[in-house]
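Chain naming follows the written order as A, B, C, D, E and F, and within any one chain the residues start at number 1.
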Amino acid sequence: MPFVKIDLTREGVTREQKQQLISGVTNLITEVLNKDPHLTHVVINEIELDNWGYAGEQVSILREKGITADKK
Amino acid sequence: MPFVKIDLTREGVTREQKQQLISGVTNLITEVLNKDPHLTHVVINEIELDNWGYAGEQVSILREKGITADKK
Amino acid sequence: MPFVKIDLTREGVTREQKQQLISGVTNLITEVLNKDPHLTHVVINEIELDNWGYAGEQVSILREKGITADKK
Amino acid sequence: MPFVKIDLTREGVTREQKQQLISGVTNLITEVLNKDPHLTHVVINEIELDNWGYAGEQVSILREKGITADKK
Amino acid sequence: MPFVKIDLTREGVTREQKQQLISGVTNLITEVLNKDPHLTHVVINEIELDNWGYAGEQVSILREKGITADKK
Amino acid sequence: MPFVKIDLTREGVTREQKQQLISGVTNLITEVLNKDPHLTHVVINEIELDNWGYAGEQVSILREKGITADKK
């Protein structure tokens, strides 16, 4: 009985990327825990940049300063 | 001190249905646990169909295939 | 596709009361939204009294003062 | 490793107020728990008034009746 | 800035399985969204079987009836 | 109508620190948003170190390696 919630900043995640997250997480849980995928739900929760704070600052301000969350 | 969060797919839930969920859950908790309803909050969180995955697939795709969540 | 999380203070809720909450919420969602109950999950999350704050005070302290959450 | 989620009714909270909440919560956690702020995330989740219930009623209806959540 | 919460029934998930879930989800998000893994947090929330309801019944009761969540 | 959930690793947070978090967050919300504190709930959710992952690793393993979350 797994339920997975992914909180993300809303920064242009595409429909295809969402599908990749959903199938990837569901497959992972099926493989690691041997769970029936019909009992696994995944919810993606996109958060506005003004509404996410990191190290005390709004992500919208971090992005204006050129600070990204990209992998280097 | 109960707080209830209902995650739902965004599929045309009406204002009246939301009110029925809110009053129904609040009454249930009052009856079962004898809680003061002024300490009970209920939040309904509507999720876009692209953002909810079931059995590894986006609900938006399931709906395109004609698969619903309706009670049979 | 509903997922319901009920946050409650841990104050002796019995197994039977939990079952009443689970069946009550599931029936309510089935009736109001016509959802297949096999797609409805309900999770009860019991919180220690030191870990819940109301009006700025720990519930454990409120209880020591004789303030309850009971319906009057 | 703290993650803080603030659920609020969507009632005109400004960008500056959100920044005050984010920096205030992050500072509080840094002071009380001595946590590195680079490990603290704060998410503000704004909820439509039809989707928040208090004491069994939608907040949108409470507001129509002139009942506010303002500090007296 | 991703934060992932995995709600699971508490049924003997081992430390190694938890590590596989954590590294698997973090890698997936890094690959699909190109996110810096130092900004990704994953939390596993294990729920007692009496506290999870599926289709209106406690999972503890479903298990007593021999109904599992295993992949067939 | 604010509800605040603080997810933290379970690492010896004292009752007094919890009270400081609860009163601090409640005061902050009262000041920034002018909300009646009787409508503000704060929940602290302590997570086992095996169950929190950061950058793909369990916090329990990070701690064994001497990596802390302390402010430098």
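Criterion: a contact is a pair of C-beta atoms (placed from the backbone, for glycine too) under 8 Å apart; a residue touches a chain by one contact, two chains touch by 3 or more.
For each chain, UniProt lists the protein as follows: A, B, C, D, E, F = Tautomerase.
Note that this is a predicted model, so its numbers are computed, not measured.
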item: Contact-richer chain pair [A-C vs A-D]; value: A-D
item: Gap in Å, rounded to a whole number, between the CA centres of chain E and chain A; value: 15
item: Whole-Å gap between the CA centroids of chain C and chain F; value: 21
item: Separation of chain B from chain F, taking each centre as the mean of its C-alpha atoms, in whole Å; value: 27
item: Per-residue overlap in chain B, given as positions that touch at least 2 other chains; value: 1, 3, 5, 7, 21, 25, 37, 41, 43, 47, 52, 54
item: Category of the chain touch graph - line, ring, star, complete, other; value: other
item: Chain B to chain A touching residues, read off their complex; value: 7, 47, 50-58, 60-61
item: Contact footprint of chain D on chain F as seen in their complex; value: 1-9, 13, 17, 20-21, 24-25, 28-30, 32-37, 39, 47, 52, 54, 59, 69-72
item: Of all residues in chain B, those that touch chain D in their complex; value: 5, 15, 18-19, 21-23, 25-27, 37-38, 40-46
item: Partner chain C, residues of chain A touching it in the complex; value: 1, 3, 41, 43
